[in-house]
Structures are given as structure tokens and as C-alpha cells.
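Heads up, the thing below is written out as C-alpha cells.
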């Protein structure tokens, strides 16, 4: 009663073969296209035009462009790219299509200003983006935070940073820390405590895994800097007391200059070299660190930022 | 040689939203058609005639059972070169001309290129479409489409021809022509299997008939066998309002109305009745056969089968 | 066996060519190409850009519409109306019917694309007054559009094998739209976790990859298309279409034709 068995077998086998083949070739095409995709995406780089072309499906288009922006950044970050030229336009398009997409502004604030491969090195564009967001969302205190963040972190313009935090602190529902940040920005801008507070706030106020991962990496780096400075001071004190360099960490601990053998945020003990330099046991685990690195150390490929949160 | 043979051929559809209710379109059918005969497949609409034909053509798959055509399994694709099929109210490709259509079908049936053109001309002439062979089919009338359908069914000189309601859409002239054609096909040694609900055609043409009702085969047999048991009735109308006494004994039922009498009686009494009216000097207006005998048989058979179904179901 | 596929394909082609819908749509595309000339004159430097962009987009979009209309009309309708009965009562296997239809359809659309492309080239010649070497890339773009058509045909056949004409058209068109965003779908899948990721990735690979077959913008800017991409896209289109057709054969083989 059934139709011919032979046809069924041949067709089924062929179907599976074609399915496998199509997936294979699709992946190959994808690989060839990653760089090409976003270049031609931006042939329509006028956000206003794109908004009109979306025929009202702005929200969907915004989501699509947001996805592309994140992918763009992620891929290039992995490849240690030297330029992220399309990031600003992508975020601009995203936020024109959906001005209320706060995470896009946050992403821009975090990744437009730093230097490659951690960002696009475009702090001015970052500021413009966030200001645009503030215009469209005057009640979003987080955006003022992001604005202050950029001024503080990249541009080192503490006055403007304070202003931004101040503006934000007046928004109903703002994190109480905004006022404190504003107040302390002027005097203690250079303090590690300040930096730590800012990164903590960034971490807590965002859900995006890239932004959080970035914040965690910076917090770890700050911790290391603090530790290394403290140990360095202990070494100097030891030298003043005994006139010699400490042979090892234990000596510093015995001398009461350190509470115990100091360990880094991963639980590995810091090393004390023969020349009494403080070094990390495994510097590769700590991007953004400037102290405790062995001489001639080269940073490896950037770690996957979302991984940092774990 | 047996041309067509079905062995417990059966079809049950599952209907209803969840496809749970079974609908038996065809109960197990066992049929045999001899080569060279004209076989009629009779039944009212929805009896299962078309379903049977479609199963034989491989368009619908039986729930159970099988069939053999010219001794080979009906699923054998090669056997299809030996059969021709005219579906009910056929529909063709709008934009082809009759000639192109037949050429296409000829190609598919494996008619060699050399013979094709000749065969097409022959067949077109036979069905009376020579004048319009270059006209696109979308311009054809219903009757013309029917003829085209017949043409494609016989084009490749098949041994068996299956017609589903071949007379539908034809005017009386057309029907006559198709009847003649079918008789010719038989003379050429072909087997003709056709389904219809027009019994007069069946009576005129068929060697044997099968009667099917609600998916069930009720009776198979030669036409004269079936009708010998049944007598047709005739209607006689005469002027006046008088009914001669012997009418009743002749088995006539009379109705007097206005200035005529209308009487119905068995066909066999026709001569006796007319003689009687002549003797009584009554003016005869008309003598009309009321039903063909096959029709009579058919109707009674259906009624009785419904009674049994009513008793059983 | 192969001869029958050829006959079915030729007949399908003939039917398609005589269907007036085809001509109307082709005329429309040619009209658009002409209109592109005027649109381009708004900004002098981008005349050529507009002609290529608008022209090729029209070829692609309307070509897909034609593909769907004709595909459904020639297959789904044929299955629904009784045209098919007289074909299948002949020594034609069901799979031969599907494959023959596919080649007939694909052939029609190739000719289609060719005619429409001539319109685009004519408009291009008019605004640029000559051809340059990089214009040859336009042929690559047209070739990719043809590959799109091939996939659409196969999908139309697949849906026709079990679904009504209207639904088949809707499904095919829906897959065209989704397929145009298939790269984004894969990007989205990469951002999700767990079960959603499996489902999204599965869908992303099953959906036809039309985004990669759209090189209109880069060709408009005169950029060459790498040969490897051409090869891989061709192989992809062929295997994808093959998959759909096998599916159509499997389904159609089992279908009861009421």
C-alpha cells in the first residue's frame, strides 16, 4: 500500500546529505561574511533614513542593530582589533530607532571611550551618545552616571564628572551614591577608593554581561594595585628598619609589616623577587593592571569579558 | 485474461477535527472485469465510484487490499502505459492548445515521436476537435473539455480505458457520440470501465454492471440478467374521463384529471392496453416509458439495501 | 525516466511563459529601472548607485514575488485542481513530477532574471554612458539573486506538496523575510543560553540564508565579490534546494489526492 520503498530511501538519504551539506556551506559563508556584513550594513548609515525604511517596525530594527553592535564589538575584541570604527554608527542607529534602549547608551559609555582592544577610543562620540540618551530619557539617572563615568574614567575631567553626577543625583529614584560621587569627585578623584566606588556602581547598575565583565576586571585590577602598593610600602619600611632587602614575603610578615602572606584576588600568593620587586603569580589573569607586572611583560589576547563575571 | 481485478480493495477515511471518526468510503471490494468488455460501475453520487477509480489509478492509497491490472500489480508504473483515464469534469492547463496538450501527454505516455503527430491528428478527428486544435484550452467550453479529456485517454492506444462520468457536461448529441465511441473501442478489442449514474447509458452499452451504494457492492451481473427480473412501466394518456373496465385487470393504475386520463402499467401490457383503447374508441394522446428497466432494478435495489442498513445500523 | 522530467520541465516552462502575471511583473521591474534613472538625477554623483541599488532590489523583490506566484500557481494549484490526475495516471513517477516541476520553474525564473537584468543594464548604460570593468560584478549580484530564486522554488514546491495554494504562498514568503535576517538570527542565537539557544540555533540554520545572497550594496559600490564566496553560496543554495525537494518528494509520494 505504501508508495515505492526505493524512492523513500533515496529521498531520505539525499535529504540528510543535503541538510548536512547546507549547514556546512552556511558556516563557511558565515565565516567569510563576518567582516563584510557590517560594512555593508552601514551603507545605509543615515539613522533617519533607516528609521523611515523600517516602516514602523523601529523596535525590531533597533533590536537587530543592537544585536549587531554587540556581535561587532565581541568579535573584534576577540581578534584584538585595532579599530572599532563601526561601533559608534551602529549604536547611533540603534538609539535613533529606539531612543529608550538604555543598555545601548550604557554599552557606548563603557566601550566607545577606552582604547583598543577594549574600546573604540572615541570618548567624544561616547559623550555625544550619552547626551543624546539623556535628552530622550531625562528620567534615567543611570545615563547621568554613565556620562560622569566617561568624564572621570577616560577624560580625567573631574569637574565635568562631578557636574554630571550632580545633575543625576536630582533625578527621582537615583542611587544615593550619586550625591556622594558628586561631592567627593573634586578632591578625591585620584583615589583608588573613588575608582573602586565607580566601578562597583557600574557593576551593580547594569545587566549586560559585557559591561559587568569589564567592571569586574577593573575592580580586580584595582585590588592588585592596592595590594602591590601596600607590599611595596612594607618593603621600603623593611629596608629602613634593617638596611637590607627582605629575602621573601615571610620575612615581611615576621617583621609585622604585613598581616600574613599576601594573596591576589585569585588566591595566589604575590611573589617577591630577588630585587624585592612585587609581582603577580599569574599576570595574564589580570587585564588593566599597571603594577606588579614583570619587566617586559606583554599582555595576551584579551580575555572574554563576559567570562570575568564568573 | 482478466483485465481488472480488485482483491478486498478498501478505503476508510478518518474525518473530524482530531481525525478520529472513520468514514468508510469503500467496503472491501472484489471485482473482476474481463478483457474486451464494457463494464459499468453504477451508483448514486458519493457511492464510492470515484474513490475506486482513484485507487486504481494510484492517486489515492487504499487502506487495505490490492488490485491487478492486466495481471500486474496496480502500483507498477509501467502498466500505466496500457491504461487511459478520463477523470470527472477534467481540468487542464489553461495556456496550452489542444494539440500541445495531447503532445505533452503523448510524451509522458511514451508514444514515440514519429507516431505522435499522426496519433494526435487521428484522435482529434475522432473526438471532433480538429477545428480548435490550435486554441488555448482556457477558451474551451465544458463539452469541449470533455472531448479533450477523452482524446487524452485514448491517445496512446491503451488496452483499458477508465472513464469517470464520461457523459457529464455533454449535450444529447455529444452523449450520442461518446456512446458510439465507446462501442467502437470495444470493437477495437479494448476494455472499457466507466462509472456513471445515468442508467440509460449503462443499459445501452454495458455487457456487465456493478451496482455500488454507500461504499458497498450490491450486485454484479450482465444487464439482461438484472433486468429480466424487472419490468419497466409505461404511462398512457388518453382523451376523456372514462376508464374502461378491463384496465384494472391489466394492472393499470388510472388517474382522472381535467379532460384526460393518465394511467401507468407494466411495460408488457403495452400492446394489450392500446388494443383496449382502440376497441373502446378512446383517443390515445401519448405512450411514454416511465423508467428503463435497469433504473427500476436499481432503485429497488437501493431501497432494499437501505432497509437492511436501517435494520442493521 | 529522465526524458519525462524533461517533458514536465518544458511544459511547466511553457505554461509559465504564457501566464500574463509574469509579464506584468517583468514590465513593472523594467519600469522601476527606468524610474531609477530619474530618482538618481536628484543627486548627480549617486545616479549610478541608485540605478544599481533600486534596479537590483526590484529584480530581487519582484523576482521573489513572481517565483512565489508562479511556483504556487504551477504546482499547488495543479495539485488542487484535477490537472494532476491525467498526468499521474500515466507512467510518471511522483518524484519525477516534483523534480520536473522544479526544473521548469527554475528555468522560468532564470530567464526572468535575465530579462530583468537587461533592464537594469540598459538603465545603467543610460546614466553612465559606458560600462566599466567593475560593472561585471553586477552579474554576480544577479547570479546570487537567481540562487535566491532557486531556493524559493524549492520551498514553494515543498509547501505545495502538502498545503493549500494560499498557505503555501504565505509560508514561502514568510521564510523569505525571515531568511533575509538569517545572519541576525544566528547572532541572536549566540547571545542566548540553554534551551532557547538550541532552538534558536536550529532555526537559524534551517532558515534559508538570504542575507548572504544579497550583495547588492557592495556591488553598487563597485566592490568585487570573492570567488570563494560565489562557490560556497552556490553549493549552499544547491544543497538547501536539494533538501527542500527531497522533503517535497517524500511528502508528495504519500499524499492522497482527493
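A few remarks follow.
Just so it is clear, A, B and C label the chains in written order, and each chain counts residues from 1 on its own.
Keep in mind that, in the parts below, a contact is a pair of C-beta atoms (placed from the backbone, for glycine too) under 8 Å apart; a residue touches a chain by one contact, two chains touch by 3 or more.
The structure displayed is predicted, hence computed values, not measured ones.
Chains touching both subunit A and subunit B: C. For subunit B, the chain whose average C-alpha position is most distant is A. The central chain of the assembly on a C-alpha centroid basis is C. For the pair subunit A and subunit B, the distance between mean C-alpha positions equals 83 Å.
Each chain gets one centre point, the mean of its Cα atoms, and the points for subunit A and subunit C are 43 Å apart.
Spacing of subunit B relative to subunit C, judged by their CA centroids, is 47 angstrom.
Listed for subunit C are residues 93, 254, each touching two or more other chains. Contact of a single residue of subunit B with at least two other chains is seen at positions 61. Contacts with at least two other chains are made by residues 2-4 of subunit A. By the touch rule above, subunit B contacts subunit C in their complex via residues 54, 57-61, 77-78, 80-81, 83-96, 100, 104-105, 107-110, 136, 149, 152-153, 162. Residues 93-95, 181, 183-184, 186-188, 190-191, 205, 209, 211-212, 215, 217-218, 220-221, 226, 228-229, 232-233, 235-236, 239-240, 242-243, 246-247, 249-250, 253-254 of subunit C are the ones that touch subunit A when the two sit in their complex. Residue ranges on subunit C touching subunit B, taken from their complex, read 3-4, 7-8, 11, 14-15, 18-19, 81-93, 254, 256-258. Considering their complex, residues 2-4, 7-8, 11-12, 14-15, 17-19, 21-23, 25-26, 28-30, 32-33, 36-37, 39-40, 43-44, 64, 67-68, 70-71 of subunit A touch subunit C.
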